[in-house]
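Two complexes come next, and they have one chain in common, chain A, joined by chain B in the first and chain C in the second.
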Partner chain A sequence: MDILITGLLLGGTYALIAIGLNLQYGVARIMNLANGEMLVIGGFSAFWAHTNIGLSPLLTVFILAPVAFGLNWLIYRVMMVPLVKRAKTRGQLEVDSILATFGLSFVLVGLMLAVFGGDYFNYSYLAVPIRIVGDTYALNRVMAFVMAVIICGLIYLWLNRTRAGMSIRAIATAPDAARLVGIDVRRLSALTFALGGAVTAVGGAYISTFLTLDASTGVVFTLKALIIVIMGGVGDVRGTIVAALLLGVLESFVAALIDPGLTLAAAYAMFITILLFRPQGLFGRKPT
Partner chain B sequence: MTLPDWKTVGGAAVLFGLAALLPYSGSGYYLGLGITIAMFAVLATSWALFSGPTHYISLATAAFFGVGTYVTGLGFEALPYWTLPLIAGVAGAVLAGLVGLATLRLSGVYFVIFTLGLAELVRQIITWSQNRSGQKGLYVLTDMTEAGIYWQLLGLAAAVFLAGWLIARSRLGFALRIIGDDETVAAHSGINTALAKVLLFMVSGGVAAMVGAILAPRFVYIEPSLAFAPILSFQVVIMALLGGTGRLWGPLVGVIPFTFLLEAIASNFPNQTTLALGVAFLVIVYLLPRGFVGLIEDAKARMRRTEGAL
Partner chain C sequence: MKRRTLMKLTAATSLALSMMHGPAFADAHVDPIVIGAVAPKTGPLAGGSTVSHWPNIALWAGQINARGGLNVGGTMHPVEIIEYDDQTNPGETIKAVQRLATQDEADFILAPYGTGLNIAAAPIFARYGYPQITSTAITDQVAELSAQFPNMFFTLGGSKGLAEGAVEVLVNLRDAGDIGSKVAMVNVADAFGIELAAAARPALEAAGFDIVYDSSYPLGTQDLSPVVKGAANAGPDAFLAWSYPGDTFALTELSQIEGMDVKVFYTAVGASFPAYYGRFGAAAENIIGAGGVNADSQAFQDYRAAHMAATGAEPDYWASAMMYSSLQVLEQAIEGAGTIDRAVVSQYIKDNAFETVVGTIDFDAQNNNASFWTVGQWQDGVFRGVASTGREGAVDVKIKTGWE
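Entry: the complex of A and B
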């Protein structure tokens, strides 16, 4: 039981990161391999603010989110727009954006190494026990989960209840047709990309309260987020959340019952199962 | 074979013969550099064999390389030395085949994601089994000399070039070029696209594992985090792209200058290698999308046009 709840708490945080990536991939069509680095940057910011000026991570995110939004908007405008213009087909854009964001991830890791050094960093925040159905959990994990629920809920409502959200879903479904009905695809793609980056950075800030990170851990999170996005279905918030919770639970079970060093193997096992049996995602429809 | 073919083969043979003389220069530094260049030349060329025509980006070189080093590390005491690269090649090809069967039937994105974490996955599994058996790293103590490693790599490079040249002229190579241009067209003209892709990926993975097996004696001590360093995959991709993947000799053109660049970066800014690599990567993606090969071919085309105008 406690393994299950630990897994759900972890999965909630994964959902936050994966939704960030899903916005970037589902709408802006950029497979962002630098997503994990954005997460680590978020974690670093929270760490720095907490140890140097004593700011709580809960408050840091209010500064972090707009900054990360701006940074990702710039990345899209400066780095991705030339690729979007150059690409003749979607496949070409996919290859180019994978290469470009892969390079970007190395640049970001390099910058973080230069600024912070290669050490692991962690800090103690809300590391107090809390009891849920008879077992004790750390409050910081619960807090991260609650914030993830709130943010995922807001994004879900925004995508499904507002006009901007509808336009974004239209772009995700049919970018060419969206243009014909008067949607400014390029502007909204940039905004969605930036929003996805901001969500990921915020997720990183919460994760840093209970996980130890270092400058080069980003790629593991990128990988997990990618697996969740594929499992949940590209552009599908509901599927992403379910997939993230599943992955969180599975990882907790593997870590508790077999070995904590095999969490990635667990994620891969899940990935292979999905690829073999439901490549269109949990709730996806078969492509015609 | 026609006369130009014989010229190409003969020219390549002369170049390889010259390269084989390097250990007699007597300089350990140049020999070390030669090994690095030969290693990256084999890795980048075999990477481009698959990724060049198909445009599927494999980030798994480090995984195959690591598997190869472990084959040598585990087997050098029990088996004759010459069998190890062969076993490693088979192991790498089998691993590549499994990955290919799981992902290459689907769109390219799944393949990229899967290969991105493959090295980390194999590393976790090896670390886990080592923890269970209580063993840490492996000592690889053989009487293999640097020159021996160099010659083996050179021989492997020759084999890869020959294989690449033959594949390009075979039905398989033709099929792959069509897949790279338009996969739907390829499928409709009766090409078994998944099979063609998996086969070539197995060649590429097998060769990378052989390189790992050959280089293992040089490490002396191997442990998972050394054998599966993910940066290797990255370096191979960047070198192949710098040279250009459109021609068989393209990656080689990228490997030689980039090895010197790496050397310069490592000696001048030892703490900023990751950053420098990332910047180099972005420069290539944005400014040299077709690599040096693209530049050379553009220059040739321009010369032909000016000749025509006269």
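Entry: the complex of A and C
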């Protein structure tokens, strides 16, 4: 039981890491390799606010989210729109955006170094035990899990219950047809990209309460997010959530019952197995 | 407009990253001694090098130039530092050393950061005849390396010494009746962690300890709860972790949350960082870890004060002082030899003993500094050395009592 809960908590962390990338890739078609850096920026902000003005990460996110939203909207307008205009096919846009955001990740690492320095940073927030059905867990991880549930739930409801959400799903499914029915694809793509970035930054703020980060750690999270998004199926929020939880539970079971050294191997084994049998991911649609 | 700003920003950032020069000099008559520095400013090891490596170079260069420079045969030469970021990538380290040797025509090049990057750069240092005084390389291959690269020097010690130092602390505590013989040991699945665990395992068994939990975890694991729960459930008297900074922090936090009831709690790299005490405060009291210094010595106190004044940051209680002492060795060797001829300076390093912030450094026939700190302990907010292979100033180990 405690293994399952540990796994679910870890899965929540993974969902926070991956859900933003899913939005960005699924709708805006930008495979954002600077995703991890955005997460670290979120973590840095929470760290800075907590140590300097004593602001709780739970409150920091209310400032962080709009700022990150604006920043990512700018990145899309300035960096991505020329690529979108130039791209003749989806494939070309993906390749171009991979290269562009790869470059962006270096710029962001450089900026973080200049602003914060290269030191490790962490702080103590809610690092207290909480008892759930007889076992102890770290409260900050439980808090991150709850936030992951809330964020994923809101995104899911927004995509499925609102008109904007429906338009976004339409773009993810058939961008050309979406334009024909009067959906402003570029505006909504920018919006989704920005939203994805904001969610990632907020995720970073929660994650920084229990992980030690430094300016260069972003790539670790980018890789994890890529695996989860691809496993879950591109452009489907449910897929990402399920994949994140599966991965968390699997790693936790392997660590507790077999050997912690094999968690990485197990994660990649699951990744390969899913891709072998469902190349489009758990919830992905077959390419037509 | 926006695009141009972004490009400017990019250009400025990359320029700043690759070309951070030392202080400029007004005196144009004397040629400065050009000293190259290559180490991570980005990449996985950047966090460690930012604490232990780079600040010492800034501190040292500032001190040398403040006193007019290095005295080479009666003339004072200021030092000029040329810094490169190797991105924690051995290929980049080698390229940067080559560039420093051929294009920047550096008179000396400081040893890179970390074991792997130092070993990767050793052939290129040897090819251009630069002495390589390492301060952050931990290896048991000293004899082989110094035979192959005669101008490579080692100061931080070997993994065998570090592991046996930790075991020795346990043995002393057990013999005094303070702890039982059950040990839980974990390690990061990386060259460092694997080598240390492999050295500790036979040493623990030979000393009659019972290893009740023994496990590794991949580098960058995002949740170490299963590891900590597993170790705690085995009911150990002592917990040993051959860990890197990220996992050192995570293991400590989770053990605190889990309330792991051990009398000895050991983590490796990162335990000696001031940020560790900053993060855990009183809960870090009596935690032991790799490294240590004679923290109460006047030499270290002076060094610490100068480090804080020059860089605004505290040095750590292990590699920082070691790194600074390697710069002192270079400084004394250049001034003692009275030349910047690299072969002569290298020979001078082999033939002489050096007074440094960590005490006397006298390299043996294998270019190894045989006296180094192996274990330190947080006592009253200071990480004091408790075990060494021949350093003075060790204090008594205390038992960990809870996490408050």
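As a working rule, the second predicted complex is superposed on the first by the 268 of 288 C-alpha atoms of A that agree within 3 Å, B and C clash if a C-alpha of one lies under 4 Å from a C-alpha of the other, contacts with A are read in each partner's own complex, and residues count from 1 in each chain.
To be clear about the criterion, a residue touches a chain if its C-beta (ideal position, glycine included) is under 8 Å from a C-beta of that chain, and two chains touch if they have at least 3 such contacts.
These numbers come from a predicted model, not from an experiment.
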Overlay on chain A: chain C relative to chain B, clash or fit: clash
Partner chain in contact with A:Ser252 - chain B first, chain C second, else both or neither: second
Chain B versus chain C as contact partner of A:Tyr123, first or second or both or neither: second
Partner chain in contact with A:Leu74 - chain B first, chain C second, else both or neither: second
Partner chain in contact with A:Met31 - chain B first, chain C second, else both or neither: first
Partner chain in contact with A:Phe210 - chain B first, chain C second, else both or neither: second
Chain B versus chain C as contact partner of A:Leu111, first or second or both or neither: both
Which of chain B and chain C A:Phe102 touches, first, second, both or neither: first
Contacts of A:Thr13 with chain B and chain C, given as first, second, both or neither: second
Touched partner set for A:Leu4, first chain B, second chain C, both or neither: neither
Residue range of chain B overlapping chain C upon superposition on chain A, of 19-27, 127-135 or 253-261: 127-135
Residues on chain A lying within both footprints (that of chain B and that of chain C): 79, 106-107, 109-111, 113-114, 220, 259, 261, 264
Contact footprint of chain A on chain C as seen in their complex: 2-3, 6, 9-10, 13-14, 16-17, 40-44, 46-47, 49-51, 88, 186, 189, 215-218, 220-227, 229-230, 245-246, 249-250, 253-254, 256-259, 270, 273, 275, 279-280, 313
Interface residues, chain A side, partner chain C - complex: 2-3, 6, 9-10, 13-14, 74, 77-79, 106-107, 109-111, 113-114, 117-124, 127-129, 136-138, 141, 210-212, 214-217, 220, 224, 248, 251-252, 255-256, 259-261, 263-264
Complex contact set, residues of chain A against chain B: 31, 33, 79, 82, 86, 91, 94-96, 98-100, 102-111, 113-114, 219-220, 222-223, 226-227, 230, 259, 261-262, 264-265, 267-268, 271-272, 275-276, 279
Residue numbers on chain B that touch chain A, as the complex places them: 55, 57, 59, 102-103, 106, 108-110, 112-114, 116-117, 120-121, 124-125, 127-128, 131, 230, 234, 237, 241, 271-279, 281-282, 285-286, 289
